[in-house]
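Okay, handing you the structure first.
Here the chain labels run A, B, C, D and E in written order, and each chain numbers its own residues starting at 1.
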Amino acid sequence: MTRKQLFLLLAAVLLSLLPAAAHLFGNPYLLSLASRILIYGLAAASLDLLLGYGAMISLGHAAYVGIGAYAAGILHLHLGAPGLAPALALVADSEVSGLVILPLAVLAASLAALVIGALCLRTTGMHFIMITLAFAQMLYYFFISLEAYGGDDGLSLLGRSKLPLVNLDNDTHFYYFCLFCLIAFLLLASRLVHSRFGLILRGTGDNERRARGLGVNTGRYRLALFTIAGGSAGLAGALLANHSEFVSPGLLNWTLSGELMVMVLLGGIGTLFGPVFGAAVYLLLEEGLNMYTEHWMAYMGPLLVLAVLFARNGLLPLLISGRKRHG
Amino acid sequence: MAEALLDVTGLNKSFGALLATNDLSLSVRQGEVHALIGPNGAGKTTLVNQLSGDLIADSGRVVFRGQDITRLPAHHRARLGIARSFQITHIFENLTVAENLGLALLAGHGGNFHFFRHWRRAPRLTERLEEALTRFDLLQHRDQPAASLSHGEKRQLEVGMALVVDPQLLILDEPMAGLGPGGTVELTRIIRRLKGQLTILLVEHDMDVVFSLADRITVLVYGHDIATGTPAEIRGNALVRQAYLGEEG
Amino acid sequence: MLEVAAINAGYGESQVLFGVSLRVAEGEVVTLLGRNGMGKSTTVRAILGLLPITAGSIAYQGQALQRLPSHRIARLGIGLVPEGRQIFANLTVRENLLATAANSRRAREPFTLETVFALFPRLAERLRHYGNQLSGGEQQMLAIGRALMINPSLLVLDEATEGLAPLIRREIWQALTTLKDRGLSILVIDKNIDALLAIADRHFLMEKGQVVWSGTSDELRRKPELKSRYLGLEQ
Amino acid sequence: MKKLLTGLCTLALLLPATSFAADTVKIGMITTLSTKAGYLGEEIRDGFSLAMEKEGGKLGGVSVELLVEDDEAKPEKGKQIAQRFAQKDGIKIMTGIVFSNVAMAVVPKLVRDEVLYLSANAGPSDLAGKGCHPNYFSVSYQNDNLDEVVGQYVTETGHGNVYLLAPNYPAGKDHLAGFKRYYKGQIAGEVYTKLDQADYAAEIATIRDAKPDAVFFFLPGGMGINFVKQYAQAGLGGTIPLYGPAFSFDERLLAAVGEAALGVKNGSQWTHDLDNPANREFVENFRKAFKRTPTLYAAQGYDTAMLLASALRQTGGKAEPEALRQAVKKAEFASVRGNFAFGANQHPIQDLYIREVVRSDGGFTNKTVKKVFTNHVDAYAAECKM
Amino acid sequence: MLLFCEQLLNGLQLGVTLFLMSAGLTLVFGIMQVINLAHGSFYMIGAYVGATVALHSGSFLLAIFAALGASWLAGCLAEALILRHLYRRRHLDQVLATFGVILFCNEMTRIIWGRQPLFMDIPAALSGSVQILPGLPYPIYRLAVLAVGLAVAVLLWLIFTRTRIGMQVRAGAVNREMVAALGVNITLLYTLVFGCGAMLAGLAGLMAGPILAVEPGMGESILILTFVVIVIGGIGSVRGAFIGAVLVGLVDTLGRAFLPLLLRLLLSPATADSVAASLASMAIYIFMALVLVIKPKGLFPAHH
């Protein structure tokens, strides 16, 4: 067994035992924190598809998380209200609202990514970074002024989505559901990067000119990946909305895009699992530092700089490869 | 006279005030190895870029197998059967050798939106990949990242990627650049074996290579073709000697 | 004054130079000959500190260069006319000449715009043109002028006349002769041996990253087989 | 592997801290300490801890432990902290939220889970009306109160044509609605600006062009500083009077606004010059402890702590929810505001004042000008079914 | 009409402030190929140091020197300690590191200066208004800001076209190696350019001090605007930055001022106001997206 497999196995065991541990220690908050880490991990891993495999540096990934969250929040609001459209009512009263909400949230985020991606992909390099940021800011202000759904105040959800078999209102069930979503995403994504599509994408990300010279219409593949990543971020958003039972425009702010990027880089770009690890490190650091000082950012900042300067490939590869690099 | 596979007439391309390609005409016949020589800055790479579609000419015509391709984008031209290698090695450094070749094999087809099945399980790919790995002597490196290959092996891989799709026209832009003596010999052998199977446009500085491989040679100076002919004709051409070797008179 | 001793260098994992040694004495014109891809430009880059060497040493007027950054090497008095000319395309001719001009060695008769224009009258006519609006020959003159403006004691020309029309070449050879007469040492790379035989004192012939022969112009004239073997078109 | 262990240790840090003696009551304060609005939370915290200090580290004779966390003015963050307080630390009493949107995200769930929440600032309309809850008390105000008093005062002053300005977000609209509830004249214009806008030159030019009798604005925090400074710089300070709720005129903001705010009238439920024994003591102690004049946020924090102290004293230190709730509801404490009682929706019934910004030894401060409402009840009380 | 002139002036004034921010950033972008999210922090440092010195010394002149010096120093330090090591790295690394710098700077201002905003007054000589047109008084200070912005633009133009440093910087943008090989200490030059860019940001912050709230995190809102400017103008082009800044200033100001009026022609007043408010906040982003869709490299891409 390689170190990587060992590491993943260990992580899987730990994660699946976590709820039991949380109950044992009488600390249900641990579960909520862990769920949040899983969700952010999902969002970061979806960003990693863009950064690590497609070489598309998007500084607006929070937009898709936000759209997913808002789609879930808005649907939740309407599905719970009387007098909705008959078509929606069919599914709404069957106590499986999640079956509508989650796919629609993914769909909404994918659609947004498709449209925005089509425009953004006309540019490259620094311009791409900035235009993705601009679109995210545009959406941020759009949701701030979206009065019908709370505007800047955000939107509170009463309870979580309903799914068959699992009861998301139960934190343990919710945790396992998040874990399931994350693992499913990671499995599908790692299949994806080794599929024909993934191969061509990785090639395009590596050397676009060469790929075109071989006959690849690179724009289509990039747009498809942008859409997929957006949709996955939408799923994370929908989960996040369910987790905190609340959505607000703050989710679309560029700082969240920045934080997601930090998670990807911290964990290890282009590794899919790394960003999940990065999310855990970032969020735990935030929690941990917060316990010791009000001024946690004064420590977090330099830590990030040091991480960039000295852990060039992220923490996960560092962990997995151990001392091999020095040997 | 054999039929022309590629016909370039009156091509012009300028960058600002610099005329990189100046009323250039060139005809590459089906099945020949056609070498393109000229001093540095003569506009060879600019021409290659216009043939491959990485640059679009300002004016003039590029006709390939009877079809006007002057304004087609690069990936379109690739699908028509024009393959190229680059002056500076252009391979997918982060992919493995097998992935590089696999990508080359798959790239020409439109239907690559397969998201879950491993790329290696694309129809009829395995045999072709094995064959390519064997043919370009890369079998022992198949799962190595391309970045870890030696310079010569990278060159070999690059040429392999261009060849693996059985192109009609192969454009080799200074394939010998930076190769050690062993590498040059090896690559010359590979190209010689290709002779007759497909048409090759060879841009090269190494005169040994050019004269040993080429059927015909075109000499570029200042973006213009000053002479075309067999190696013997070129060697005897006073204009060429003066322009290229700088021998005055 | 320049002493290159058994240097190795390369790009990434591919080694290009294998123990190259050469020397240029005060006031001498020395050539580095060989076909493309033999390591001539790499040698020049190594001298100028643009490429780290992995073995050997380089000294200029007794000072070791191998650990110095490029700008320090230039200030010691080595002026580079690079391969491909590398004119600053977004600067005018005048700006190209002035941007990096310096007299760090306190030469008694420093080069000025006037002396450069006396050398290359064409440049004076194109004073306000941008670098990318010049012909190849004018760019080459500008590159030489630019290097002279830092008042070097050694001028290094990489591919001094490649791709230029015969008339322009003659002008450049003429200029180099003038510079030699001024007492400047010159290290020049070119394929145009016949012209170089007249100017140069000594020659180094490179093949596959190694110096395979060195000698004076007379010795080179006496060995025509060298010319055809390492440089020529003929097989 | 060593690093993995380090990771596990970090996790362990998040396990519950060793619990205090059983008789210690933990209080969770979720408030804003970072971002541009960080000083607001600081004021609340300082007011609260001043009360604890006064009682010797206790409240109502019960030893209490105050946990303060920064919500960064983000609702999501507030929810996380609330969750951590409730689930990890087992806290049953919370307070401190500065912003209405954070409160709206955090409070409804908390009170459903039987946490007693005493608001030391935010008073969104929903929690006063339809969303009122037995576990929710506002010790500060209902948001509209401070606008209503200005609306009444502006009407009384006789301005018949007022221009309105607020950020383009729900709270902005609520505040303008509060003003309009008591304002009887014409509206010269109603403009909603970008949230966190820095430059108001365009709006000020439009105001000059509209020539209103007066301008009423709700721009909390830095936005207010920018607006007031630029308004004065544009030369409008002397010609078209400004009115607003107290949020843009607390003493710490005034220090940053400077002379530009001089003479501006604003509505509040409290000023440091209110003449009652509790207030005199509070202001004096606060100045001594923190070397600055308290703002209304500090007063609210102080009142919240004093209210809690009175309730804990009554229950004999037991934090049993029902008893504590009943005790809080009685509001038997000496508020720095003077009169203080809870209405049916558990929001304050209180007097409201108009204050004016004046000079005070080297700086600027508020002076009470007029009591406009006595025992004012908020507009949403009737909607509360409790 | 008078109102329109005034709004135009307001737009221009916002534009030149943005230009001060953008000039340094676009140079750093263009020449060193490095993304610096922490540029807004230099703006904040300029404002904080300026406000503090002005408050304690009462001298605006002293404040200017202190603010410029502090932001210059901060810029040089950031370059030498952090960014210099990232020139050849991915943009991603640069984003991450400078994001860390933002967190640090914001928290440090909170630790050093406390949480409440800082006060900074207009210098006495520049307070009050002048009638620039009959019936149109305009604050002198804003005119002064406009003048300083334009002066800096002219100064930069002069430096760039007339001085050797300017030529070296431009030359360095197209061929770093060649500049070094001709004897210029390019590392030092970069640090200098970086420091001067930071200083311009500090100047912008200082000048914003009397108009705006000096508070932690004040750099971020203007940072994003600055990015918008640079991308519209074309990365690396100072001329582009100037035109982009003026355009963004005008679009933002005129959008806020006149969108409500325009929309009222089409919609009911209440709807018009709320739609206009939303559109006005998004206006510059929409503008930027439009520019990039039409000209993916911005209006004046620097020659490369």
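Everything that follows uses one rule, which is that contacts are C-beta pairs under 8 Å (C-beta built on N, C-alpha and C of every residue); 3 or more make two chains touch, one makes a residue touch a chain.
Just so you know, these numbers come straight off a predicted model, no measurement behind them.
The minimal number of chain-to-chain contact steps leading from chain B to chain E is 2. Listing every chain that touches chain A and chain B alike gives an empty result.
Across the two candidate interfaces, A-D and D-E, the one carrying more C-beta contacts is D-E.
When chain centres are set by their Cα atoms, the one at the greatest distance from chain C is D. In terms of the distance between Cα centroids, chain B is separated most widely from D. One finds 73 Å separating the Cα centroids of chain B and chain D.
Rounded to a whole number, the gap between the C-alpha centres of chain D and chain E is 34 angstrom. A straight line joining the Cα centres of chain C and chain E is 44 Å long.
With centres set at the average Cα position, the gap from chain B to chain C is 32 Å.
Residue numbers of chain B whose C-beta contacts span two or more other chains: none are found. For chain C, residues that reach two or more other chains under the stated contact definition are 89.
Within chain D, the positions touching two or more other chains are listed as 33-34, 168, 194-195. Remark: the chains found to touch one another pair up as A-B, A-D, A-E, B-C, C-E, D-E. Touching chain D in their complex are the following residues of chain E: 2-3, 6-7, 10-11, 13-14, 106-107, 110, 114-119, 121-122, 127-129, 137, 139, 141-142, 208, 210-218, 221-222, 253-254, 256-257, 260, 273-274, 277-278, 280-281. Per the touch definition, chain A reaches chain E in the complex via residues 51, 57, 59, 119, 122-127, 129-131, 133-135, 137-138, 141-142, 144-147, 254-255, 258, 261-262, 265-266, 269, 295-298, 300-305, 307-309, 312.
Put simply, chain E touches chain A in their complex at residues 29, 35, 37, 82, 85-86, 89, 91-93, 95-97, 99-108, 110-111, 220, 224, 227-228, 230-231, 235, 274, 277-278, 281-282, 285-286, 288-289, 292-293, 296-298. Chain D meets chain E in the complex at residues 33-36, 38-39, 42, 168, 190-196, 198-199, 201-203, 205-206, 208-209, 221-223, 225-226, 229-230, 233-235, 252-253, 255-259. Residue ranges on chain D touching chain A, taken from their complex, read 3-4, 7, 10-11, 13-16, 33-34, 68-70, 74-76, 79-80, 83-84, 86-88, 100-101, 104-105, 108-109, 124, 168-171, 173, 194-195.
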